[in-house]
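Two complexes, one shared chain (chain A), two partners (chain B, chain C).
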Partner chain A sequence: MPPALISPSENDYILRGVDSNIRADGRGRLDYRQIILETGLITQASGSARCRLGEGTDVLVGIKVELGAVELDGADEDVAAIKAKRGRVVCNVECSPIASQQFAGRGADDFNNELTQMLDRVLNGPQGGLNLEKLCIIPGQQCWIVYIDAIVLDYAGNILDTIFMATRAALYNTKIPKTIIQDRGDGEIEFDISDDEEEWERIEGWDKVPVAITLNKIGSRHIVDATPLEELTTEAKLLVTVNKDGKVCGLQKSGGGSINPSLLNDMVQTGRSLGQSLIQSLDEMLQREENDINLKRARKERIEKLGFFAAI
Partner chain B sequence: MAGDRRRIQGPEVTVAPIIIKSSDKGKIQLTDANGQRRDGRNLEDIRPIFLKTGLISQANGSAYIELRRTKIACGVYGPRQTKIPSFSGKGNLNCEIKFTPFSCLKRRQPYRDAQEKELSQLVFEALAPSIRLDLLPKSTIDIYISVLENDGMASCFAAAITCASVAVADAGIEMLDQVAACSASYIDGDIYMDSDLVEEQRESGSLVLSYMPSLNEVTHILQSGEVEVSLTTQAIEQCTDTCSKIYSVMNHSLLESVKNRIQ
Partner chain C sequence: MTFQFLSPKPSSYTNKVDADGDIDMLLKTERENFETKVVTPGETITHATQYMGGHGTYISPETNQRLSSVAGVVDRVNKLISIRPLHTRYTGEIGDLVIGRITEVSQKRWKVDINSRQDAVLLLSSINLPGGVQRRKTEADELQMRKFFSEGDLLVAEVRETFQDGSFSLHIRSLKYGKLRNGSFVIVPPALVQRCKTHFHTLPCGVNLTLGLNGYIWVSKHTTQTVEELAIYSNENEEIDQENREAIARVCNSISALSRHFMCINDKMIMLAYEASLNFPVKDLLKLDVMEVITSEVSEKMILLKAGMRR
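Coming up: the complex of A and B.
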């Protein structure tokens, strides 16, 4: 996406830095910037999370669950029968113009579309981890539709990894109201949605939602969590999505370069091991935040969110 | 009389269609006892390919590919002067893939939708490493791909890349190598090469790989579904092998077109 230019000397500086395993900000090839993650910032949303990488990239994800009709597909019986018993996930990514002047107007359309499709491909399917059957209320009729909207507030490289991290945290934070189903006889089924704010369920399978690791091929080596300048030097990117079991849930190359098959295998392996440890630390972060809130609630202290002032 | 008469007045409530499950039809078996697929192929076989260049007379280069029910035409225009030039030492490559409204199970809208935009971007990423854009500053190459019939999205996407690569070569644009692409489906732990729509609907994941056989470089990879790393590695290997086979078909068709031109 970044159409800005890079000079040959800057290019060379980055290339040599990557070669000797030290980058401009002092990180090694496979080091991430510091991750700040906070959930539950938006009260209007069913779930929300904000993820910030270092002092740069900033993504806010809001999730709304709404009632809707199940998807009916009459083309193939087997496929239609499965779809009739499922809820749905709808993804949308938007790069806000406040992140960069380039995103103003229609400038971000193609980039938004690319990110949306990437997120959608991973989350909409068995590899997404979410238990879509649980989102169905009445088979063949009503289900919950999970709308995932990601807003990019600040852009400093590695946007996709941040979107996935924030999405995962927001799904953890999402509260779905309980439904009470009543069978009226003669095949008529009615349901009520609980008004009680305390009666809610978490989306089943949020922990199985994969994270994404973008590996940037620079020279004959690869780095993670690239800054915008490093992204300009990148020949080809490989997106590896991994779930907590270490299974690969998606691979996608982007960018204008090509990759040797042996390097490709190497990159998949690296992405996989990094992804697993990333999930572990993210889960710890979420757990810590939840414990903190529970502790404060027990002590009847005020629960204050860091909100949008959270920065190092 | 409420409402606007100029609009189509539909019924106020909608009723879901009743899906009647016929018992005699039963489940579709993807493979028979001998391990052969519904059309007699083995798991690692691809469908026969028909590939021909020079289909569109007005284009600088064109190609048509057919894999049984998948049919794709591609036209290449250029290199020509970029209309609104922005500073860049390289040429522009513009790829557009379009599904004809009647190509899929459901009717597609005639205007470009989000999926077509994304696939166009992916075709660009798969082809860009092979084309010597550095030799064509201030120029644009336009690649237009029309999917006439779509029998499985992954295989269709792979065929589109193969077809576009041949069309670019047919246009006489300098390239590093041809890009061959093929797809694979993961079904019950097996790898089905070049799956069709019925197989695709039953898959747990898929892989599309585009590859430059002479240079031994992967130009694009797209995998979805939850898969073990070892199986992915195996599928990548099978796909690169298959791409080499497709490569010979591509070379053959280009050779034929050159022969025809000389005569």
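Coming up: the complex of A and C.
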């Protein structure tokens, strides 16, 4: 990826702006841009969400649940036994070359891997919140595999936060068809998947899925929701993933710079409190959207998703 | 520390209705004033066959009508019809003022990104060397090219020459041109910036504005001090106080609001948007509803100004 460039004077302007709490676009250090969110816009997917930050960053997440075999091999027998009773989450993040010139050609490969791995590490563990055991249909045999595919359609900074937000919204939106398990006796178990569109359940533990807050250290201070130019000025980045209860579910530091311990502590605390209020607002939004749909359904009105026909 | 979540809004083609339920009648006159026709790809431009087709048009093999191949405005010069696309890369002409970013330093030349299909070149021979005297560029100059411009630097320049393959060569042989400092960078679609007598403006709010025709805009602090020859290539910013920073941010955000609503960008429009924005704190200008309020106020004022001029 050819590195995006910034001039020394822009760098200095941003640095001093952060110091005096007026960023280049007039925001304070801890101000987020407006977030535009819509769920359920992809009809073929089990769940989907599109999340945009301000005028820029645009992330589309599609989730598909598919039947698959459980994973049977593990490091040792105990691990294998746990895995045999579990469903799986498979993440994939891709940056579209239309988002930015930097992503053209093979340019985005490393970045895609980084984003995919981050999402995967957070969601595929106890801190991910999802109840993987509930995704298992027949222990040792069949389970649901949740494929989470995120695509970055436009880039104006702060991609990871947007991906996590969209993922949480899409998981809320995901419908898993109900399964009916029948015991045929003599150890044989069969199951049926309900064809009825009304018979579905939500992924258990979607509400415990964390969101991410990226804190960018510029000078001796930190900011959230950085623009691309601010990201170029950033010396070190700290990604804090937080769940509903304000528990830190993961930390990742990137960038070449260093963070001193007192600042690190400060950043984690900021990330925690911001993350918690982000989840609260996000859940309110999801609830509002669902209420609207239910209201429309009750009135027998047509439910229209705007998707890419939206004006804003 | 609040988060604002919005739902997407549908686009509407109806007239704007204000809080009292009054329908905005001005919009109709606005449409008559600007006799521009916007077309989308595949739309019929004209049924008449006497026109010649320019860029962005093609003839439908079935119906023999002239259709548009891009989304843009219809441009007619006598019998030649072409479409000026709304979203496009910059195509320069000699004498255009552009803002660019150095992407590469090579032998005797810099490569400059100017939002065009290819990077422009800035030859070592088309810059003013510190010291002021016109002299031949020596090998020593060639070795210290990064002292003048290095990768990432922003500069304002003029298009010196256009080449057959669509690339340009730039020059900065005037004290007006050179490295950019003390401010912030905004990008808008190049179609929105109009050619004017001057592209350097000083706004009453103490902000200097450089409008590049390639859609790159530089908003900086107004400085009274004359450019010293020696300081042309300096990277040092001056001290910029709180008030100036806010003014610069406000101008930048006004420009983004205009570009978001696809309104043309010149000093007059920016000033109108700036005045309209004074009712809001700077960071609120990033909000979509505030942007709409500002731009609708600007378009109203523009129409009043036009009507006044006609009278």
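General observations
In this text, the second predicted complex is superposed on the first by the 304 of 312 C-alpha atoms of A that agree within 3 Å, B and C clash if a C-alpha of one lies under 4 Å from a C-alpha of the other, contacts with A are read in each partner's own complex, and residues count from 1 in each chain.
Here is the rule we go by: contacts are C-beta pairs under 8 Å (C-beta built on N, C-alpha and C of every residue); 3 or more make two chains touch, one makes a residue touch a chain.
Predicted, not measured: the structure shown is a model, and the values here were computed from it.
Applying the stated contact rule after C-alpha superposition, one finds that A:Ile138 touches neither chain B nor chain C.
Once the two complexes are overlaid on the shared chain, A:Gly28 sits against chain C while remaining clear of chain B. In the superposition on chain A, no contact is made by A:Ile98 with either chain B or chain C.
In the superposition on chain A, A:Ser258 makes contact with chain B only, while chain C stays out of contact range. In the overlay built on the shared chain, the residue A:Glu114 is in contact with chain B alone; chain C does not reach it.
After overlaying the two complexes on the shared chain, residue contacts for A:Glu284 are found with chain C alone; chain B is out of touch.
Look at A:Ile189: by the touch rule set out above, it reaches neither chain B nor chain C. Common to the chain B-facing and chain C-facing surfaces of chain A are residues 5. Chain A meets chain B in the complex at residues 5, 69, 72, 74-81, 84, 110, 113-114, 116-117, 121-122, 125-127, 140-141, 236, 238, 243, 246-261, 264-265, 268-269, 272. Looking at the complex, you find that chain C touches chain A at residues 1-12, 101-103, 151-154, 179-185, 235-237, 240, 242, 245-246, 248-250, 252-253, 256, 260, 281-283, 285-288.
Interface of chain B with chain A (complex): residues 16-17, 19, 21-22, 25, 27-28, 87, 105-106, 114-115, 117-118, 121, 125, 128-130, 198, 201-202, 204-205, 207, 211-212, 215-229, 232-233, 236-237, 240.
Interface of chain A with chain C (complex): residues 5-10, 12-13, 16-17, 20, 22-28, 30-38, 54-55, 229, 273-274, 277-278, 281-282, 284-285, 288-289, 306, 309-312.
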